[in-house]
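Input: structures, listed below.
Next, two complexes with subunit A in common: one pairs it with subunit B, the other with subunit C.
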Partner chain A sequence: MENQNKEEEEQIVTPWEVTAEKGGKIDYDKLIDKFGCQRLDQSLVDRVARLTARPPHVFLRRGVFFAHRDFNDVLDAYERGEKFYLYTGRGPSSEALHLGHLVPFMFTKYLQDAFKVPLVIQLTDDEKCMWKNLTVEESQRLARENAKDIIACGFDVSRTFIFSDFDYVGGSFYKNMVKIAKCVTYNKVVGIFGFSGEDHIGKVSFPPVQAAPSFPSSFPHLFSGKDSLRCLIPCAIDQDPYFRMTRDVAPRIGYHKPALIESSFFPPFRFHDGETGKMSASDPNSAIYVTDSAKDIKNKVNRYAFSGGQDSIENHRKYGANLEVDIPIKYLGFFLEDDAELEHIRTEYGAGRMLTGEVKKRLIEVLTELVERHRRARAAVTDEMVDAFMAVRPLPNMFS
Partner chain B sequence: MGWTKEQLLARLQELQIDFSKYEHPVVLTVEAQAKYVGHMKGALSKNLFLKDKKQRYYIVSALPETKVDLKVLSQRLGLGKGGIRMAPEEALGEILQVPLGCVTPFALVNESARKVSLLLDQGFKNHECCFFHPLSNDTSIALHVRDLDKFLNSIGKTPAYVDLEANPAVGKDQPPDLATLVPSDATILADTPEKHGSSQGSEKNHISVNNQPTVVTVAKAVKPSTAYTKEKPPSAVNLSISYADPEKFVEEILEKTRTIVLAEVKEENIEKHREQLATMISNSISKQLGLELKNIATIFKNTAYTEGFKAGIHHQPKRL
Partner chain C sequence: MENQNKEEEEQIVTPWEVTAEKGGKIDYDKLIDKFGCQRLDQSLVDRVARLTARPPHVFLRRGVFFAHRDFNDVLDAYERGEKFYLYTGRGPSSEALHLGHLVPFMFTKYLQDAFKVPLVIQLTDDEKCMWKNLTVEESQRLARENAKDIIACGFDVSRTFIFSDFDYVGGSFYKNMVKIAKCVTYNKVVGIFGFSGEDHIGKVSFPPVQAAPSFPSSFPHLFSGKDSLRCLIPCAIDQDPYFRMTRDVAPRIGYHKPALIESSFFPPFRFHDGETGKMSASDPNSAIYVTDSAKDIKNKVNRYAFSGGQDSIENHRKYGANLEVDIPIKYLGFFLEDDAELEHIRTEYGAGRMLTGEVKKRLIEVLTELVERHRRARAAVTDEMVDAFMAVRPLPNMFS
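On to the complex of A and B.
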């Protein structure tokens, strides 16, 4: 998607491109204004903790998931005893998953456990086949491989339905796709996604595929007769355009608007000029992969993680570290559970009493444990388990 | 010992593969070879023996005029930049069991070369026949690529034809297009010093640095190798067993709990906490183990469900 002229000075956030304003970081406040969603403030976080009788997830406490649409309504309904279901997805374009890819799934697992609700996960193999020019077989294969890493995040099979578009589109799902498509003009979809006359018709007709899972009637084997069941979608904020379109359509076809809970972007390991947006995986050293060994993690963090520390120990003790740009601190913000410990590190490092090496060492411990746990869980995922998660089957205890 | 030229040629005849054989003085380079067979019908080949940082080996067999850029190739294989270089001379003898200047697809017949990946220039398909050394530099044989394929299939290798000059973008959403051609296992050599490849030596293995952006053709997929198929240590099998076996599962939980209790009951803690020691230990257990136990319990549940699911789909209805 090309944005020309005056848009070039602004930051660009679309499902296919994320860049900050020249030389800066993404301005999330501006984004919330521009998109028209709401801030997820502390009172909401507290409300979630109260309703679920457990501490809120680290991503909520640290403001990783920071924006929402209608999350309050979902919570109101939940308090009245009305459940909801979760919907999230992945575009399986590569075999290699990095930690940034896991973030939405880690959060969704927490939501599933905390609220005890079912979850549908869409693997958009058709989208990647079209946009990344993969063969159908390759995109299907990647979808299954990615499904294994997703399952390894710890989803409960008795509450989770994973599906790939190539397998599942049809029947009631397709009926909803057509209903949705009828409500969105060509001009509108060009306006939202920036399609041009040169784009093939596959791309133009894809948005309803990502919109359809927002409606419970797309899953008759799960939600038959529950047309008023609400849907909550955890996603990264660049997916907002898809769901703005969906929310627009929903009342016109008689469904609740899906609610959204949105995250900021996972920071790339090091900032190059102009690369201040999402993490990039073209350079394997700019990301921690779930297949990295302990040695790889140690090397990558030590060598490539951009440090906000000063260039010499004397200066560092004098001025302290620049926490705004320091990558290890940001990563610890995502993955270090203990609030008190994080606060301690931030204070000491910011004052110059703690050195970059120590911060990196702690980060290496945290990441290694995380990756190791994921790898163990992944090793236990068999092809049969993937089949089970992806089978079109009822989930009798999905709300208990 | 490695196959001899005679053994190979006999094998080709057994497979009813047509080839034309030309004997000539020993040659070490394409230029030298051209002096003897260059005027014949058929394309010569230049053959590179390459190695990546994880001890995996590759043969790249190309038309002499095809430009092969190792940097581009390295990225397309998913090895990052500079992940691949010319293999050291010793590897030629140990893995391919051919002399210097004799790299050839036929070397894959040797057991020692079982895990070497072969990349063939798509350009070969445009020629009536192509010349390769049949494991010896004093002979060249010409055969049609489909006969080369026949031979490769007979030794259990799937031929992979690649547009070697293509330079597709490799990035987060554009996976390396040749990643499936990376061997799934490393080949361990007896003692290979990590020397820089012998690229200065034999001209036959020269490389040029130009790359032209051309349309990508994805190579025919060989068995995909992910990091998971590469590392299948015995413990991985044991892991899934403990998730299906209640006894082992409980044993694992008890083991972890025991470890924490034993670690916490030490003199300094006894003195510090005294009557509160029990509370302190049980808090420790909850804090350190809580999350992990929930995770492995979920895996246990998922495994049990999967077993039931599999049994269910194979279930035979009651006979009436």
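On to the complex of A and C.
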């Protein structure tokens, strides 16, 4: 029983479960220590800005992407004139994406534009088929639907290869899966992922599938003869366990360890004690979906976005808002690009001179514009475009 | 310690280990009971002869293939006019095959000719890469070399598809791997195959790879729209665990259970106490290789084939040979096709009227002819022929 209580108090972060410790807050410093990754500090942000000759992305300068592994090495190599490739992905478990799902793709698009590098995007329809008990066909349908949302983020088709595992696994990719699997014991994956003996062997077989894109030879139509090419993976930190495993294996099969740049979790609505966990797709009111109408957004923000404002106008004017727990402020931190305006709102709201309603009104504007823009972009994504992104082909502008 | 002694006494038959019980003999009746398969009795042999309008293969009428699962169902369907397909395979771990390796292929060729059905042959280069710690390249090279020996057995290219896992896994095949893996827990594969936590996850991932060819949809270029097609697997009985698992899964993913027809193990030379285990490729004197010269064969048979003859000619004339432990008699049982001659030798040798030297002389003739014939056939197998058998294509004469 003691053990159980202890577990309940500890935060749990795996690719399938994010549970905050008692108190409801994810302790990201503790996570960095536990996982053994590095904090992405200001000097590194400055270095990115210098190397790319453009301002760092909002998600970088505001610490959404807050941790990394060997990102410095990738930048060292880049500075010497060596390019790299980007790898990110998505498990297509739901039709409509919420804003949290877009975060890694928005950031990856920035990295692609800033560094002018190729990008592979893995849609793990096999994973979702196994974990969510979807049929193969339904997983593949969702993968294609999700691909449209991803493409709508603005990726450059001349530098981007999107693939579904069910379509693409085989050949050199499968050979790398086997090479990886040979280097990882069952006890090891139990230690990393917490599988049990009653879990099906599909789960045990999957980590090499997510690891394989970290190695350039998995994509012979892209990186033939470029085995020493480095890989940089932007992802949420809950995916770190896959890549810890991958990094252990890499030198044993003759590759660089993939570098990582890792984000915190996107905060859900309806939370009353600061930030916790990932936004969940299961409660539609806890998230803004890319399919939400302006009316939906207005309603959700006004009704469900937890406010750090005081319970009366008098108290609010007197004490100011608690920005630490205020969801609208957090969301503006993600999506309001103007630093000066954000700072202004934080100051005024924190001092009680600005009211919750005003902050929410601004958030509704920002989100509505973002969602409308995404919806227009997605509507313009044709099946032919999806086919073009997913075609197994060389990428013409890969390193230019 | 008691437990350990008990284990040492029990026979162990898995795809990777065949150990006889104390006394050195594999008890095939016990194996049938333990595995839960059925004995292939005379009435079934007669039925095959009747249905195919040709004499049953030596391996069938002499009980080399001695057990089965649902072979009767396949024949029932065949009698109703429903065809089936054959599936067999090989783990390409060594360059030169010995005669024991040829047994399933010789028998499968007979089945293909007799029933006029398509055949898929899986070369599990991925398995051998993982179990034997071969490189991917070496496993693939061995697969191709072994394919030449298999083709030399006389398969009909218009009805036969040979594939290497490293080349072929992907698409519908991979989808079936995932569907299968979803239905099998880790505890289950530990129960069936005896994996331990220190085994690498490649081993845990492999059973679905060997299971997938049992389902027609794994081969869309062959069996598109024929999901109800039955599969018959000729194999040595040590492969039974894979297909027990496969048969458990089959109805859950919408397919017939594959039927099996299973052989005993091929006896090695240099064995002094009857038959045991499989012929091992590790001791070159324990086996006749398809690359052996006439001189090698003569030398091996004379020096290493354990004889059941008595220690002096006087005693031999008096007591006769012990046919139960006599390796030349066992080998003649596999490869001397003339029933009358075999019976004559058994009678004369058993009664002491024929000497060991005479029996060995006849065996040397039989084996030399077999190996020479195989060598000539193999020498005629060109790289183009290998490519033709391994091409992903429809099979023109599949069911005619």
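The criterion applied here is as follows: the second predicted complex is superposed on the first by the 391 of 400 C-alpha atoms of A that agree within 3 Å, B and C clash if a C-alpha of one lies under 4 Å from a C-alpha of the other, contacts with A are read in each partner's own complex, and residues count from 1 in each chain.
Keep this in mind: a contact is a pair of C-beta atoms (placed from the backbone, for glycine too) under 8 Å apart; a residue touches a chain by one contact, two chains touch by 3 or more.
The structure presented is a predicted model; accordingly, all values stated were derived computationally and were not measured.
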Touching partner for A:Glu324 - first (subunit B), second (subunit C), both, neither: neither
Which of subunit B and subunit C A:Ala377 touches, first, second, both or neither: first
Which of subunit B and subunit C A:Lys179 touches, first, second, both or neither: second
Partner chain in contact with A:Asp311 - subunit B first, subunit C second, else both or neither: neither
Subunit B and subunit C contact sites that coincide on subunit A, given as residue numbers: none
Touch list for subunit A against partner subunit B, complex: 91, 93-96, 113, 128, 131-132, 135, 138, 141-142, 145, 151, 154-158, 279-285, 291, 373, 376-380, 382, 384-385, 387-388, 391, 393
Of subunit C, residues touching subunit A in the complex: 126, 129-130, 133, 136, 165-171, 174-175, 178-179, 181-190, 195-202, 204-205, 207-208
Touching residues (chain side subunit B, partner subunit A) in the complex: 80, 169-175, 179, 218, 221, 224, 226-228, 236, 239-240, 243, 292, 294-295, 298-299, 301-303, 305-306, 309-310
